[in-house]
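For reference, the structure discussed in these notes is given below.
Chain IDs A, B, C and D follow the sequence of writing; residue 1 opens each chain.
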Amino acid sequence: MNKERMVAFSDGVFAVIITIMVLDLKAPETPTLAALRGVLAPFAAYVLSFLYVAIYWNNHHHLLQITRHINGRVMWANMNLLFWASLIPFTTRWLDSAWLSDVHHPEIPVVFYGLSLLFTALSYFLLQNMLVRLHGKDSALGRAFARDFKGPASLVLYIVAIASALWNPAISLVIYLVVATLWFIPDRRIEGVLGEAEHGN
Amino acid sequence: MNKERMVAFSDGVFAVIITIMVLDLKAPETPTLAALRGVLAPFAAYVLSFLYVAIYWNNHHHLLQITRHINGRVMWANMNLLFWASLIPFTTRWLDSAWLSDVHHPEIPVVFYGLSLLFTALSYFLLQNMLVRLHGKDSALGRAFARDFKGPASLVLYIVAIASALWNPAISLVIYLVVATLWFIPDRRIEGVLGEAEHGN
Amino acid sequence: MNKERMVAFSDGVFAVIITIMVLDLKAPETPTLAALRGVLAPFAAYVLSFLYVAIYWNNHHHLLQITRHINGRVMWANMNLLFWASLIPFTTRWLDSAWLSDVHHPEIPVVFYGLSLLFTALSYFLLQNMLVRLHGKDSALGRAFARDFKGPASLVLYIVAIASALWNPAISLVIYLVVATLWFIPDRRIEGVLGEAEHGN
Amino acid sequence: MNKERMVAFSDGVFAVIITIMVLDLKAPETPTLAALRGVLAPFAAYVLSFLYVAIYWNNHHHLLQITRHINGRVMWANMNLLFWASLIPFTTRWLDSAWLSDVHHPEIPVVFYGLSLLFTALSYFLLQNMLVRLHGKDSALGRAFARDFKGPASLVLYIVAIASALWNPAISLVIYLVVATLWFIPDRRIEGVLGEAEHGN
């Protein structure tokens, strides 16, 4: 089975997810610098979520570029990833409103933001492992993801962040940012294997 | 006539439909676990509708992959499918608000949710039959859909669900979930024919 | 210059335009059949506008399929078409709210709905003529659109509809529907030239 | 590394950005010509922002068409461009509400609209320079952008416009329009190099 259309559909979904989040950036109520303060928290949440969706699109691009073939189960594993990623705009919105509400107890929204990141990460991990099994450990794809350190490390960090949210939500947000930074740093090893794989075509 | 652009446009429409539904998942009003209860019904409806749109995209992918050529009538049959599928976010929204309203009489919204699924299914059926006729019964496409059991079964189940909604809407929702599960189970027969068709290219 | 990316971008814009209109179909306030009456006018407007965007996508598909090459001016003529088409969700929304408001004087919204259709049609006409000039009158494209009857007829009908809206807006809506039907009827002549053009490739 | 998927994803994001802005064009409250006056400012802002996103898409198309290869850093530079462009619907929305508010002090929103244009321009400049370095100054891409006058000129004009907004916001809006016009005028030099590059393929 051919991967092209699954990739095109995923691009469409990622493009809509990353862009509709800007609809939740409401215009400040008055045209003053002071009014901007009320937008700071939603803006910070937007930047973090944009970064996460960008990272997933980037990793998805790398993963699918060395994928040779897919099957029906991979298509559903991919759809599962898109489902969890599509919840990020929702958990981001709750994070925003928690900051802006008078109650100001962001613990629960920070937990759920973390859960949406955790389940997106788990789905990505599942998709990657399914593709590794399908191509074999000796394939370009199998070798590229043989020693995946970032994946499991992110999962552990998300769980730590979710647990600490009930005690101190600021720490959780720092951890979410740390994981994003971890992924943002280019992964030369994979680019290397990708380079080989392309030359080997 | 060439199918590529019709496929690309359909991917775009499916991607927007599946993603804008998340805009109707309003953030809970207070940052508490208790407030999440108010989101449970819309979330369940989101999961069901996401699953349905994912199934349609998946089936559309399989159907169009073995399609060799299209014509102007197929383009309109496809547009008809996209029209009915585009109503799913609307009927999902009504289902949500019925649960959240004080009146709590979800009968009519459950009927209309079912009608949107029924008409989407009918349009898909029409598109599939049009393509079978265009390619002939002995083509790969014709053979792949020669004994279509799921299509007619779904139509019957939708009608049963819509009728029973006036009496017990919970049963209808169970039936909608059963039909989705029916389609979710991989269809090895079609993957088989698809495999042959691709090797035969 | 290569047409592929302009086509892909146009597909994306048409897909978003046709789908975001469903966001303006608000859920009825109560879960009753009676409440559906308040949705009838927006629903009818949605169907009409969906049909129009579908027709434009369809015609754009046909036009670009026999296009061999484009230039910078064609890219802007296409962007101009997308601009006017992007206003259709806005004029549709105004049409909806005119029907639902207590005042119930839909004259002006019906005029503006017609203006959005008129300017989209003029932009399409401009794009088509630009492509005919670029390819020459003897090209497959030039011959396909040599005797364009529907284009000028639509323009005249839109102007009649806009003028009569101030007197009787119902007549205008009937004319808008007539023009849509005119385009919906398949254009065998163009499919014929398209078929030749493809065989001649 | 292959540019195709980065281009497809960018097309999706640009298509959503340019289209969701129409969601902020609220229908006038009454169906009268007078009510349209309240939509004039948002409409003018929509036209300006549509023009800007269209220009970026156009330039991105030209730039990526002569791009031969990309790398991981280019992918992030492109994502950075999409991030700043995605803020344009937000700053446009603030501009709108500043005009409609009773206070009517559009200075700060005009500054932030300019900042969103400035950072989008800086990101585009960064992406272009990264691609020039990657391909070498003697490549088709390097020669096409060797004497980039419009890029630096726009940056200077944006800064002037942002500074003058605090004193007279109308002047800033005129400058934003001037920059858009500057880019709208076709760049025959680049089309020339593009033509050569394509013939040289």
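The working rule: a residue touches a chain if its C-beta (ideal position, glycine included) is under 8 Å from a C-beta of that chain, and two chains touch if they have at least 3 such contacts.
Because the structure is predicted, anything quoted here is derived from the model rather than measured.
Engineer: I want to confirm something about subunit A and subunit B. Since they are copies of the same sequence, is their interface symmetric in residue numbering (over half shared, so same) or not (under half, so different)?
Structural biologist: Different: when the shared numbers are divided by all numbers used, the fraction is under half.
Engineer: Measuring between Cα centroids, what's the chain most distant from subunit D?
Structural biologist: Using the mean of the C-alpha atoms as each chain's centre, the farthest one from subunit D is B.
Engineer: So what's the Cα centroid distance for subunit B and subunit D, whole Å?
Structural biologist: Inter-chain centre distance comes to 37 Å.
Engineer: Averaged over CA atoms, how far is the centre of subunit C from the centre of subunit D? Could you give it in whole Å?
Structural biologist: Centres of subunit C and subunit D (C-alpha means) sit 26 Å apart.
Engineer: Of all residues in subunit B, which are in touch with two or more distinct other chains?
Structural biologist: 8, 12, 15-16, 20, 23
Engineer: Which of the residues in subunit D end up touching subunit A in this complex?
Structural biologist: 1-2, 5-6, 8-9, 12-13, 15-17, 20, 23, 71-73, 75-76, 79, 82-83, 86-87, 89-90, 93-94, 96-98, 101, 103, 105-109, 112
Engineer: Under the definition above, what is the set of subunit D residues touching subunit C in their complex?
Structural biologist: 7-8, 11-12, 14-16, 18-20, 22-23, 25-33, 36, 47, 50, 54, 57-58, 61, 64-65, 184, 186-187, 191, 194-195, 198
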